[in-house]
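One chain, subunit A, appears in both complexes that follow, with subunit B as partner in the first and subunit C in the second.
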Partner chain A sequence: MKIGVTKYPGTNNEQDVLRALSELNVKGILVKQYENKPLDDFDALIIAGGFSYGDYLRPGALAAQSPMMEELQHFVDSGRFVIGVCNGFQILCETKILPGVLTTNTSTKFISKWIYLKSENSNSPLLRNTNGKVLRLPIAHFDGRYYDKEKEIELLKSKNQVAFQYCDENGDITLESNPNGSVNNIAGITNSRGNVLGLMPHPERASFEYLGSKDGIQIFENLLEEIKC
Partner chain B sequence: MLTTEEYGKVMDELGREPNKAELAVFEAMWSEHCSYKSSKRWFHLFNDTAPYIELGMGEGAGLINLGDDLLVGLGLESHNHPSAISPYDGAATGVGGIIRDILSQGCKPIAILDSIRFGELESPHSQHLFENVVRGISFYGNCCGIPTVGGEVEFASSFENNCLVNAMCVGVVQKNKVVRSIASKPGDFLVLYGARTGRDGIHGVSFASKDLSDRSDKDRPAVQIGDPLKEKILIDVTLELVEKELLCGLQDLGGGGLSCAVSEMTQKGNTGAIIRLEDVPLREEDMEPWEIFVSESQERMLGVVNAKNLSIVEELLKQRDLVYAVIGEVTGNSHCIAYYKGNKVLDLPVDLIVEGFPEPERSMKPPDYINKEFREIPEINDLRGEILKLFSSPNIGDKSWVYQQYDQHVQTQTVYSAGNDSAVLRLDNEKYIAASLDCNSFSVYLDPYNGTANSAAEAMRNLVSVGAKPIAIVDCLNFGNPEQPDSYWQFVESVKGLGIFSHDFQIPIVGGNVSFYNETSIRDQRDRINPTPTIGMLGIIEDPKKIIKNSFQKKENLIACIGPFDDNLNGSEFLRYNHGILQGKITPYDRKREEESRKLIEELNQEGIIESCHDISNGGFIVTLAEMAFENNIGAKLDIEGIFKSYRIKKEEFLFSESPARYIVEINSSKFEKSNVIQNNITSFVLVGETTSEQTIVIDDNISFNIEELREEWKKAIPKHMED
Partner chain C sequence: MVVYSGKAKDVIEVDEDSVKIVFRDSISAFDGIKKEEITDKGKINCLISTKLFEILNDYGFETHFIKKLTDTELMCKRVEILPVEVVCRNYSAGSLCKRYGLNKGIEFDVPLIEFFVKDDELHDPLITSDVAIVLGMIEKKEAILLEAITRAVNETLRKIFESISLILVDFKLEFGKTSNGRIVIADEISADTMRLWEKESGEIKDKDRYRQNLGDVIIHYKDIQERLEQIKSLPPLHLKSSVRVIIKLKESVLDPAGEVTLRSLKRKEFKNIEDVRVGKSSFLLFSETPSFALQEKIEKISRDILSNPLIENHSYEIYFGSDKLQV
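This part shows the complex of A and B:
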């Protein structure tokens, strides 16, 4: 099983993702931008968070132009799994592999805190066993406000592509529980085929009891399960 | 500017006039900031040794051995002057600087803590500085992938013109991978890598070594500009060079730029260096040789590389797209010699640069306000209103407006982040460490000796109340102009206080920084900061099961107060914020009481009967109690009438006094009777009430609060000034 974890200049969550994978006894492989490893060698790819290229221009914009990303569309079309966390989600939106944009938080401030999430109705195998549950994960971003036109959001909903919504402790999706102004409290989405997941909260930072939550590790477990199949 | 005495010393030693480049070197290296010429003479008062200290003061990081040869590196630095002029860039580069400091010893940076101080938040100028300093720290630290896990914020009018920005960095390194900031072998190459050199930060250290004035705005070019992406790449590459053991020496380029890194590394190694300034990669082509040598451009490191490794190092730097150049060699002749396009532009003995400065005379005189008795506590008619008002003080209020802008969780090691008494981190080898950063500038102002010792004790209490054992200190001593006798007196008294504490509790000081001249003269009005010796403290947690919570855990538990009561309100936030009074004598530092309280908490924790603990500091008992109630909405019902009689104190003194050596603990009620520790210490252990399922804090029959009512004041104390 070969799971690649991307590292661009400025990526800073790659070690955290590797640590979460090793908790599941899987050794992830770093895919460094300067090494030009062919993506084709991998069974799945995790685009780790951080500040690729310093978020210069727009978060994810420069990474989306990198040679590695030219292969990514092909990788996705082959049906293999891709998870983009935080800056990884931003990169997936910049490449148009996922719809919509991630723009500056309504507070115009970086926000780092624990939040609650709920997954409902998604058809992606990456979200198995999370349906209806309230998960506790941290967020850490300046540009995490998901936006798309109303028509597109309706389309996402109708195709069960809304992976996660911000909610309160009880699972109620409220205005107060929306940390960044995302439309419909959207925290994560999948592509229509369900093999690409992008989310702003950090599952790798909620994969260990000592950090206060293990709620995030389910997503990585689901990924491993799918690859084994 | 060199003083007449200093210029004379240069002439005597060289036997000639220094040239322009040489003068620039002396100006940087003999500045207060680089030379510690007013402060160093007092450092012998510090305890600086312990068997587990691998490296003490003098380089970028102090190194502490946690066992298993895993070392923790600590550094603490100020970036006050730049932040006062250009808050965003000043604060960002302050963070960048302290990261590179600990990187210089090969440490992987794992956490940042910040101590920041501004004028009262009603002032638009302070709001502007506060907003942008926090933004600068957030921008830089977050982008580098280092969690900011703690620190402190204080607002007081004395910081209106001189804000303080102190940043502490914690790192880890394996003992066999440690790199020193020493160039000891002639023939080794000097490799400058990272960012290009530009004109930013020229004379930054001289700017930091004088008072700010209404003309300081013109010093804006002395403020460096940060590029955190470059820093992140620099960190990654440096850690790779360290891991592969390719460096014989390493120092970051901070104050004084190349001139400082080259002279300090060669002086420590009893060597010299030849530098070719035309090989330094520049951002602006027309820079003069002396500018290249003293520029403080950010994100640069100077590595000492043996000939056998040079090509591997060059290959690695090339692959990562990091600008670098081999700018010279280590020599055996104890001189720092620089050439520019074949012409010798400076030739100076390294000993003279680093240690040759004449020690200036400094005189001391206590300020007039010191030691004045003050007992006229204002009459209190509305105690309930006084309590509500106190919770609305930005010094007391919730600081999440600040720390939620910092990534607290990257690196997946953060067990306790900001908002707790100390940060707690779990390291890769499954050891747990705790860190706190603290100072109470009001008590230091009233009594620099006792106030400093008490501030250090408070940093210790912060560690004790999460279950950690304090093992090392770093300090950042922020003071006014040392040429003013009353200001210098504050400094010396403060150093004495920190010194005695470090000996009393056997906690060595492993590093630090002195920032003088936090003083402004505008139209002949002198405006000086409250003296602020910021204390960073590291603790170790032997057993993760013994980490103590800081908020109430269960209803119907017992609440007890540990430590001595007294009636002293001087220096308290209650007198200062509610009544505008900052005068009188504070409760002195008391080693015995401090020790007894600490020991009791440690024993109770060992016995396993502490449910939660929180040290009593800013705001006194009532604020501490409410903070414990907020997190889990567990209320408290007090029974304190007896205490007032037994200890002959008034209710307001009990509620608001910030006297040292005290904690509130929540004790499991079912285990209380059986506790040997409590039975043996029954006199130091004063029951004050119990936790309740009702979401109220009941002080007595007349005064009670809904938790929500207090929380609302507390929550909006800072945002109400920062958001329209």
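This part shows the complex of A and C:
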């Protein structure tokens, strides 16, 4: 099983992702942008978070122009799994593999805190066993406000592509529980096929009890399960 | 089939995309009031045009010129000629002197660009780009591109003529749109469409000889053409284009940075401030001449990389040279 974990200049989450994978007895493979490793060698790819290329221009915009990302559409079309966390989600939107865009938080502040998430109605195998549950995960971003045109949001909803919404402790999706101003409290989405997941919260930082939550590990477990079968 | 017969040339349709332009010996001035036939004038102007178009094509300009068919015929891309022509002046002469009461021969630090309506009945009046845009003759983007291209052509031809001891005083360009919407330099670039003075003596070498009854028109035209033929290799000119790209958030998208700025401005003594939107600008420098192809490239860069069209709009302006980047 070969799971690639991307490393761009300016990203800083790849070690956390590798650690979460090793907790599940899988050794992830670091894919450095400048090594030009062919993506075809991998069974799945995790685009780790951070600030690729210093978030210059727009978060994810320059990473989206890299040779690796040019191959990504083909990789996705082949049905293999891709998870983009935080900056990884921003990259997936900039490559247009996922719809929409992540833009500046309404507070104009960098937000680093624990939030609650609810997964509903998604048909992606990456979200198995999360449906209806309230998960506790951390966020750490400046540009996490998910935006798309109303028509596109309706489409996302109707096609069951909204993976996660910010909610309160009780699982109620409220204005107060929306940390960054995302439309419809959207925290994560999938593509229509369900093999690509992008989310702003960090499941890898919620994969150990000693970090305060283990709610995130489920997503990686789902990924491994899918690759096995 | 002759699609157009003008004062000096005939345009003959070859196929959907190309025309044959035939240079006649007719010469005229003052909107056709004064006219005559001068033996070999068509041929000489055709040869001068050929040479100059070949030079411009070599430097990366987009022109309508495809190839020379005979000494009086050119194969060109068929275009729809834009209704404004562009004049570039390095020295005062002709209608500019008359219009503003200027002496002839004043050198301009920055070459002057003027637009004229191509309409003999109206006597080709001067037009501002604002009016040309409002009247729907050209788009704003086109006006900016035409100016940039004309300035680059000026820089190029000025150097070329300098190398054969001639001063390029001024010239006129016509532009056309090809069937797929590309803007190219069209018509002719010849002794009929520019002013050239002998470097040492200041002697007039161009159509002013005819306008002012100085005689020996064809002798001087021939001299220009022969000197141009002597040019064997083109000097490196390092033509550059600079571009300013402005990215703005769409009206429908919340701009947190703008809102915060607005609030703090309102807190201070700045009254009547209603809205602040914070955008981005980028300055790009290209080592190529302004052209429609460059505009396409910039469009792609602005749309696909510098902006995210979902939330941002872009606009850009193309200039000749690198000066405009030094803001």
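The working rule: the second predicted complex is superposed on the first by the 229 of 229 C-alpha atoms of A that agree within 3 Å, B and C clash if a C-alpha of one lies under 4 Å from a C-alpha of the other, contacts with A are read in each partner's own complex, and residues count from 1 in each chain.
Convention: a contact is a pair of C-beta atoms (placed from the backbone, for glycine too) under 8 Å apart; a residue touches a chain by one contact, two chains touch by 3 or more.
Everything numeric in this text was worked out from a predicted model, so none of it was measured.
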Contacts of A:R58 with subunit B and subunit C, given as first, second, both or neither: second
First (subunit B), second (subunit C), both or neither touched by A:G50: first
Residue contacts on subunit A - larger count, subunit B or subunit C: B
Partner chain in contact with A:S66 - subunit B first, subunit C second, else both or neither: neither
A:N13 touches, of subunit B and subunit C: first, second, both or neither? first
Which of subunit B and subunit C A:N184 touches, first, second, both or neither: neither
Subunit B versus subunit C as contact partner of A:E204, first or second or both or neither: first
Those residues of subunit A which subunit B touches in one complex and subunit C touches in the other: none
Contact set on subunit A toward subunit C in their complex: 57-58, 61, 65, 94, 100-101, 103-108, 145, 147-149, 181
In the complex with subunit A, residue positions of subunit B that touch it: 135, 138-139, 142-145, 227-229, 232-233, 319-321, 400, 403-412, 414-415, 426, 544
Parts of subunit C lying in touch with subunit A, wherever the complex brings them together: 253-254, 256-257, 260, 305-306, 308, 310-311
List of subunit A residues in touch with subunit B within their complex: 9-10, 12-13, 15-16, 19-20, 34, 50-51, 53-56, 109-113, 138, 140, 142, 202, 204-205, 207-208, 210-212
